[in-house]
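Structures given as structure tokens follow.
In what follows, chain A forms one complex with chain B and a second complex with chain C.
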Partner chain A sequence: MNESSQHAFFSLEQNTKYIQKALFDTHDLKIKHHPYKDTQGALIYLESLVDPALIERNILAPMSFAEGKSLSELFTTLRMERSNDLEKGIQGLMQGSCLYVLDGDDEFYALTTPAKYERSITEPENEAIVRGPHNGFIENLTVNLHLVRQHIGTPDLTVRYHTVGNTVPRKVAMLYVQNLCDNELVQKVERRLSEISLDTVMSTGFIQELMEDNPFSIFPQHVNTERPDHTSAYLVDGHIALILEGDPTALIVPACFFTFYQTPDDYNNRWMIASFIRFIRLISFITAFQLPAIYIATVSFHSNVLPIQLFFTVQGSLTRVPYPPIVEAMILELIFELLREAGLRLPSRVGQTIGIVGGLVIGDAIVKAGLVSYTMTIVVALTAISSFLIPSNEMSSSLRILRFPLMIAAALFGYIGIAFGLTLLFVHLCKLESFGKPYFYPIAPLKFQGLKDTFSRFPVWNIRKKAQGNDN
Partner chain B sequence: MKRSVAVLGAVLSTAMLAGCWDREYLKDLNLAYSVGFDLTKDKKIKETVELIIPPESEQSGTKNEIHSAVGPTTRGSSNELRARVRGNMRVLKNGVQVIGKDLALNGLKPPMDVNFRDPDNPSSNVRLIITDGEASEIIGQKEVGELKIGEFLIQKIESLEKMSLFYPPETMDTVFKALKDPGQDFALPYIGLEGKEIVAKGVALFHDQYFTGELNIEDSIMLVLLKGRSGDNARLTKKIDDGPLRGNISFNVGKKKVKRTFKVMVGKNGEVHVQLNIKLKGLIEEYTGSHPLTEESLVRVNQELSDILTRQARDVVRSLQKANCDIFGVGRELIAYHNSLWKQKDWSKEYQEVQFHTDVQVSIINTGIIQ
Partner chain C sequence: MAQTEKKISARQLFLFIIQAQIGVGVLSIPYKLNETARGGAGITVLITGAITQLIILMFWLLLRKFPGLNLFQICLRLGGRVFGKLLIAGYIGYFVLLGANIMLSAVGVLQRWMMNATPTWILLGLFSIMTYYLAKEKLTVMARFYTLSSALFIPLIIFVSYGLTQARLEYMFPLMEAGIWNILKATKDTTISMYGFEVILVIFPFIDASDKKKLMIISMSNLFVTLFYVFVVCTCLMVFSSEQLRLIPEPVLYLVKSLNFYIVDRADVLFLPIWSITLVCSITSYAYAASVGLAQLFERKSHGVFTPYVNAVIFFITLLPATPLATRRLDVSAEYAAYLFIFILPFAMVFGSKLFKKKVERSA
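So, the complex of A and B:
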């Protein structure tokens, strides 16, 4: 950021020259000569950032009926400043202001006339819920803050602005509820934010990666959501949310493993249904990354665990496959990942074609061709479905990657390999921290009170503290 | 640098690839589902296996092949067999082992040894069956109706277990336990071939490792009841020969829990008394007599049936003692509670001198829909 200042000149021409030079003669810089009374004057703005209607209504129209009023009285824009620092004026230009410069005056007017082209507040596509508020964050920070404030209408909700990025600064809002949030945590997040020294911060992904406790861990350490209600729920729980200007994603810290398995729907449903769904979801955690490994270990080491009827069915489907199970699994996983990535990038109308090609043509033909077996197709399909059950896209991706090392361990050592792989995984999970909070809470450290809202969801009156209750 | 990469690669692959020794792909296995052992005339072991041929696709069914070979020991004949069958013959899903009478008379320990010694052989869910003829004849049936012989034998044994003919299920594991225990003997399902049919003949009684006697089907059920157990059903049919109540009566005593008192007592002179009482609750399923089964007549029926069953139970106990088969574990009780006495005794001789006081009480609790 350029901190220098430049006192404005008395000559209009010098001023316009300076601004033109500072913006490298960019073509969308418009200088409209517009005299005030008998003095030469110029309206300077970037046409890509201003709203022409605002200029028309609030600047040009009043000036044409001047009738002796001073300029400060004339302009009817929301904010008007008189300044003599040209550099500050240029900053203003970048934020959508107009500058009105008069000849023979070393002070100019900075008038806010920003254009706002905003998406409507629609429900985020990848976080759709059945019941509950259907609005979502958009690319405007003010609107996003407004949405959160609508949910938490107390003065306790605090917003702190920070600026990240050196050459292209961007605003980050840090939100927390004053009395519910740990002070130490606030300081920790603030410190990490201030230590970000990157030229540009393109997206929340940058912030996420720069702030993580352990960037080499496969597990995401921030929850990200585009839902204001989700964000508010976390804030009330004592978490901190970070929202970047121009990005609809809120980053929530600290995260723990099981928060990735919770959705707002859990609390919109009645508790028994919610518990059941949550239980299913946690089963999916196991199947999403262990099923192929267990299958591989079974057919290459421990075929005696199969019941006799299944034994022959599996054997029958395997006899025509020339590869060892691990190769077979890798082929199918690879095809699945290809299809998934292709489906993600394609427009939805073509996407259906991918479904047909992938699901029907490849799925059936590959078995008939003897490249993979039917049972392996079932296993991989089940795994794929389970991985989509996880509400968080990030966690689901992590688990998808995790199954590859586990598959290799299973192919090398059978069930023992899986046991060792899982041991290492859980050691890592227990050791991991997110902003000083244990990641695998409430399992490690074990806390029974916390378990009520982890594997199942107990009724709200059972898990929520009462009004006078102290910190959980 | 190059060197360290090579060293690292070597170390890693030694550590990682060690697991591949134990790898045994499912698709390469040829499963022996049922196995039979016989003693040949020159005291060798003849092994007969039912080999399941892997299906060509997951939709087609399996076929089986019967092979047999002779060798000096069990493993020896298995090795002989491997030379005859295709591929890698494995017994890891073995469900049933049939043992010929001749081999059983000569003792089970030597032919069973390999099953317990080599952990690759399953033992926990393998049923042992004794046949009155040659095991190879039973296995040689190859198919019974739609079922392959192994499946048939297992289904048959399981259904008979439900009918309390043999209960609790005797598998390789339970037999091993009994073989190692001097104070406990066992009995195994006893089958035979009648024409083309495989029929259950009762149980084969064992002392230590030797086949020493047998019980017929009705007595087998009584034996199960005397053990205080029953499968899902235990049906008995008895003839009542008592005036107006005269008729055949079929009743099921397996629906309710058998109440059993089993006490081993030692007399002054070291003689062993065993009190063995069971109380059965029966449901009448069939009665051919003409007299209605009223409350009063049921008292008579209970009395009559208790008498009949007590007589039968005493017969069973006598047969057990004759076969020297300590199936109730009287010896085990002595080892536990009268150890000094046990040490003086030569159990395989003195078991026959044990005084059993057996009593069976039947009470009919239900006569069905009609009286």
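So, the complex of A and C:
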């Protein structure tokens, strides 16, 4: 960061020259000569960062009716500062201030007239819910903090600003609720934030990767959300949220595996319905990455597990396919990933075309062509649907990748291969920790109190305050 | 970050011991007991459980005398530098041998029942990788995983108890057919299925409970395992007649195989992978104990450095026996090693500590 200072000159020309030079004669720097009484003066601003209406109303209009008042009385902007440090002035310019410099005066006025071109507060598209507040974060930190403060109206909600990035510094706000959040956790997060030494931090993804406990894990170790109500719920639960200036995502730490399976909707539904949905999600978790592997293992090695009628059906469908099941599965899975990725980047109108081409044309033709079997198509389709059931996009991607090694293990060693893969996976989950909190809580370490709000959702009066796990 | 070894909770201990104890033996004890104890097999298992309980009590007496120390440190304390280290080396060898024995039997069963074409070394390799990955972790992580995999007992118990639908009570009677002496003698065949509880020698100081509570929890695990075995043995004895059992070396699997679950045929193929995870836990306990011993021997803090070597040694030991006879020899040597390292040596240590009244410091 630029820490130097430069005392302002007495001559107007020298001052403007200095600023022009400091900003490398950038073309959006405007210097508007505007005398005050009989003294030469200039209004300096970056046109890309200021709001012309504000300048018009709060600076130029009052000055034209000066009538002997001093400048400090005239300007009606929200904040006005007198300063003699040009470097500070330049910093101000970068934040949308405009400077009024008078000839023969080594102090200038810094007037805040920032332009606010921002998106209106809308519901985040990828986190839409049925019931509950429909607002979402936007790209402005102040607005985002405002949204959170609206939810948590207590003085306990604390905001700490940090700056990350060496050449292009950006502001990060760290939010937590004072008495509910573990002090040790706050210190840990602060330490890791201060240890970030990158030239630029482009997005929250950077912070995420630099802060997580285990960068070599496939599982996401931060929850990210664009919903203020979701964020507030976590904050009240004792978590910490990090919001980067200019990014509509809040990062929430510590994360644990099952938070990726919960949505705010769960608490708006009746508890039995919510529990049922959670149960469906649990099944989807299992099918999303195990179903293809189980199918491959079954048809390649353990077809004796199938009841005899089912065996004939599967076998009948398989005999027309020249490839072993693993090749078949890989072809279909890759086609599916292809379609998914293609659909993601396309506008929604073209996206439908992809759906038709992918679903109907390829899905049907590939079977008729004898490249894959009907049963495999069903399996892959079910897997795909299951992976969309997972509320968190990140967790869903992790699981999608996980199924490939599991499929290979199944193709090599059958059920034992799956048992092998799952053992490694669950050992990994057991040892993973997010900011010192076990990731697989409340399953490992097992806590029955926590289970009430994991696989099912017990009534709110029964869950009450979540138990703080001291168990290992 | 500060690497403080956290302690495991009482509940985790309960499942830890169960996971360590239930091993490969349960599949074949009904067969073995049918040869010797006949209808009294259930009684034999109960007696074995009682004997195990006595040994546990002996371990407890030893361990509580040295608060905060595990077996290896006690060895050093009692035997001095040279003899103590010799003892530690012996125990490491014992743990490795037992781990290898379980692994070999497990792979043998898997090959017989579902993986006939897979080369032995591949299966051994898979087991070695799994155990290595788990055993190198901290005790708390292992305890978490053991707790998690305990959920797998539920399908296993359901599978076996489904067999009760075909049970015929009269097959089991008369209970005393073989005579009391044979029933007692048969305990020799079942003790090997009980092993695993000796890991408490190593993990005892890392449990977050009072000494009394620890004893109670360990006894509860032993009780659970004993009752589970009794249940399995009695189910098998009731489903198969004595003549049938004589022909079936692994009656539990045969029982599961014969059941019709409508959704799946051949439930044994599902049973085996689930059960092999339980076995991984058993082997891991031994591999962990051996690694901790090595860490003590070379005076290092972390056991994780030694786990790869332990697993490599287990892997190579299991590769050695090429014939069923050699496998049998390994089995027998494990049995005798167990007599020495579980019965004789700890007894000597208890006796020794009493005799010399070394450092009698009682803890709360």
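Here, the second predicted complex is superposed on the first by the 465 of 472 C-alpha atoms of A that agree within 3 Å, B and C clash if a C-alpha of one lies under 4 Å from a C-alpha of the other, contacts with A are read in each partner's own complex, and residues count from 1 in each chain.
Note that a residue touches a chain if its C-beta (ideal position, glycine included) is under 8 Å from a C-beta of that chain, and two chains touch if they have at least 3 such contacts.
Since the model is a prediction, treat every value here as computed from it, not as a measurement.
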Which of chain B and chain C A:136 touches, first, second, both or neither: neither
On the A-aligned overlay, A:220 touches which partner chain: chain B = first, chain C = second, or both, or neither? neither
Of the two partner chains, chain B (first) and chain C (second), which one does A:89 touch, if any: first, second, both, or neither? neither
Looking at A:446, would you say it contacts chain B, chain C, both, or neither? Reply first, second, both or neither. second
Quick check for you: in the superposed arrangement, does A:431 touch first (chain B), second (chain C), both or neither? second
Check the residue A:324 against both partner chains and state whether it touches chain B (first), chain C (second), both, or neither. first
Between chain B (first) and chain C (second), which, if any, makes contact with A:418: first, second, both or neither? second
Looking at A:304 after the superposition, I want to know if it touches chain B, chain C, both of them or none. Which is it: first, second, both, neither? both
Dual-contact residues of chain A, meaning touching chain B and chain C, are 301, 304, 306, 308, 413-414, 416-417
For the complex, give me every residue of chain A touching chain B. 298-301, 303-304, 306, 308, 311-321, 324-325, 373-375, 412-414, 416-417
With touch defined as at the start, can you tell me which chain C residues reach chain A in the complex? 1, 6-9, 11-12, 110, 114-115, 118, 122-123, 126, 129-130, 133-134, 137-138, 140-141, 143-145, 147-149, 262-266, 269-270, 272-274, 276-277, 280
Please name which positions on chain B make contact with chain A in the complex. 16-17, 19-20, 22-27, 29, 31, 33, 52, 54-60, 62, 92-93, 95, 122
Show which residues of chain A lie in contact with chain C when the two form their complex. 301-302, 304-308, 413-420, 422-424, 426-427, 430-431, 436, 438, 440, 443-446, 471-472
